[in-house]
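Just dropping this structure here.
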């Protein structure tokens, strides 16, 4: 693949990633958000595969494979399992109106592109639009976490956030060392498991959503 | 094929659109029926309905003004005028100056406005409710359509649909710019709204709680209703044509009858694919509550805005 | 010898944690706890001696220099003090029913796992390893924060894990951006050079634009973990809900490890874009933290939350010192890291024993401590006075140095705000602690004798505070100077 083709493909995948992010931000039901984040992780894995083919970097294949199994299959499955266990109300409760969240997401995207357009020659070290798309995903993920009061949606936001970092990291020329990426993914899994256990424990003791507890103040 | 479209060709394309409009509706209804394990009415049922309507007499409420009678004709005329702007068989600018994509959107908006005015004129409760709902949704739909057109126009340097389609040429998905994906996503989100389908509207119901477009047609009857229904069929195929012109022009090379036939065939396939998409969406989603609709359309809005941002930044 | 130590050091707490899983007996567990911490402390001191003699040591992804050593010593000393303290504390907690005997085993294992991740954090040379270890500290300590299992603890743990995980996602992004800058400057030659020391060598040639963005990401990210306002939201909750020994480790050691992460990137940013930019960023965050913490300190009723907000203030002071910069400011900031770490651990220890005695964290309930537990009350007052910045305790020295650096550089507004807040907090703290120490003991207080091991742990820390307040021993001074040189250049 020529460098130009790779860049086009990565840009296009970036656009699809932004689309999944918009779906996550606008998702009215937790299931939709989970499916969207799974799709997003799948796209990240595809991007890894494309970059691996283009650069001949075997590490990227491994990373793409791990991303596919862990973030596109296992973690969504865990979330799904917790949702079923908890029997949660299916609607996501926003702190601010959904429309406002969407508007903020647009601001985030535009700012990210503006920011990265202001960078100098270093842009060549990152394939295509991977940097602004990565920043957009990361910040929008945080936006989702900040504007939702249900624990599982906050977890979805967290995963989306990390997807953004992964996308950028993969597209950085030379990428991250394999061992580091594996360590990062391991940490993500562990954090997700700890969170899932906490959510279930709170649900079993006080029948409330852990993210909705607001007794510690001041 | 790419090249100027002569006036004859434009008129031919328009005739094709108007004639095929009801068939698309019939196809979607049939597909939906099959997906729901029903036999369903035949593909030609919309034609039969139209024929029946045009044979009937007109009954009109006492409260309506004289303007009410002319509304169906005006709506149909505006919609057909919009149809004249869509390239169907060939991609390329028309030989005579007709208008651009903005004109098309304006004409569709005009038709929408006239429909609402008619609904209000009759003074019926359902008509007014339908009109008010329609006017809630329209401001969310139209800017998105415009932004999608703009995001394509920024690179092509023109807003004329035929020229836009010609500029894109034969490039398939692999040749798409990142913005095209988001623009297309926005269109996919909007299509059900623009064609009055689930999850935004429900074309099959006359329940006051759920209907938007149908509510506005209640006071019309006979040939007038026939015009309105034909206008909705046309509007639907025009919108689908707009999507295919913006994203899948797939212009066929060569001149002469063969290439024209090929172009027509390609158009039929593209419309069919979009019709299948609409049928699938209608069968797999429930209608949204009215106050959730703006958020749903917001997805399209954000996608289109992002697409535009991608093009400009 | 010294190189192998770099691998052995993180292994010590790891092995200790695994050994904990082999027994259920509280005495054996506590013994293992103290022994493991003692070995860690001893090996740290050996490493320190080697380092002073032979300069920085590196092995694989690990590297230790004077800067890392400052933090390593802090972690090792606090771990040792915590181990001694919790012998008696846990016996009491089990007796009071605050801890179930069967949950001691995972508790000890987690504490040592937590320590292991912190040791890796301070020894990491590879910035990716630094990040992984930092996330590791979050995971282990989040479980510890929610250890009491009631929903307040879990709420605090959730807030903690969410806020800090978002935070260090930002940190990872910053790391990726700095990598990208390094890769851009050097192409394949830069490959594999993911370590701090390698990036430092090429830092002056890095693209300033991307390093600037990366540094802001890192400060926001690791700053969340360090408790810098406005990313501090988790801190008072986590510090107040965690078991007391864990609170001491969180406040004394963990947030300092996050500061080390920021400092590592600060040096890179200073080399790439000039020292002014990172200093300015840290100055702003430092001031915000100090100002935000003050009103909460004044109006607080919960003793442990009070100490939590104090941590926000003192992390702000460290950031302020780094922001003023220069050798004096940086030296002061590093000294403050150690001083505050030790003092805050002591404060949590003293608070923990008082809380156990009264069965409440409410400072309105804890009254007349001096009458029921004279030694504990004295230590609590000593810690409070030190936190407030009274001479001859060590925090006074480091605050003075930070102040001098600010005046020397002419940051008048910052200095004025800093002084005003410190004075207000001083008054507020004296009011709170005066009320707890003196006055008539409330009926809730038990009058049983003070347990020995907690007192021993506290006395150890108190001795360090007073020693560092009076004089800085020569070898310490050398390490601090070396560390300052690394930052200032």
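The chains carry the letters A, B and C, assigned in the order they are written, with residues numbered from 1 in each.
As a convention for this text, a residue touches a chain if its C-beta (ideal position, glycine included) is under 8 Å from a C-beta of that chain, and two chains touch if they have at least 3 such contacts.
Keep in mind the model is a prediction, meaning the values are calculated, not measured.
The chains other than chain A, grouped by which ones touch each other, come out as B | C. The most distant chain from chain B, with centres taken as the mean of CA atoms, is C. The innermost chain, defined by the distance from its C-alpha mean to the mean of all protein C-alpha atoms, is A. Inter-chain spacing, taken between the CA centroids of chain A and chain B, is 35 Å.
Between the CA-based centres of chain A and chain C the separation comes to 30 Å, rounded to the whole angstrom.
Distance from the chain B centre to the chain C centre is 63 Å, each centre being the mean of its Cα atoms. Residue positions of chain B touching 2 or more other chains: none.
Touching two or more other chains at once is no residue of chain A. Looking at the complex, you find that chain C touches chain A at residues 126, 128-129, 131-132, 135-136, 138-139, 142-143, 146, 149-152, 154-159, 161-162, 165-166, 169-170, 172-173, 176-177, 179-181, 183-184, 187-188, 190-192, 194, 207-210, 213, 236-237, 240-241, 296, 299-300, 305. Across the complex, chain A is touched by residues 176-182, 185, 292, 294-296, 298-299, 301-303, 305-307, 309-310, 313 of chain B.
Contact residues of chain A toward chain B in the complex are 11-12, 14-16, 18-19, 22-23, 25-26, 28, 98-99, 102, 105-106, 109-110, 113-114, 117, 129. Touching chain C in their complex are the following residues of chain A: 115, 118-122, 124-126, 131, 134-135, 138, 141-142, 145, 151, 154, 158, 161-162, 164-165, 168-169, 172-174, 176-177, 180, 183-184, 186-187, 190-191, 194-195, 198-199, 201-202, 205-206, 208, 210-211, 213-216, 218.
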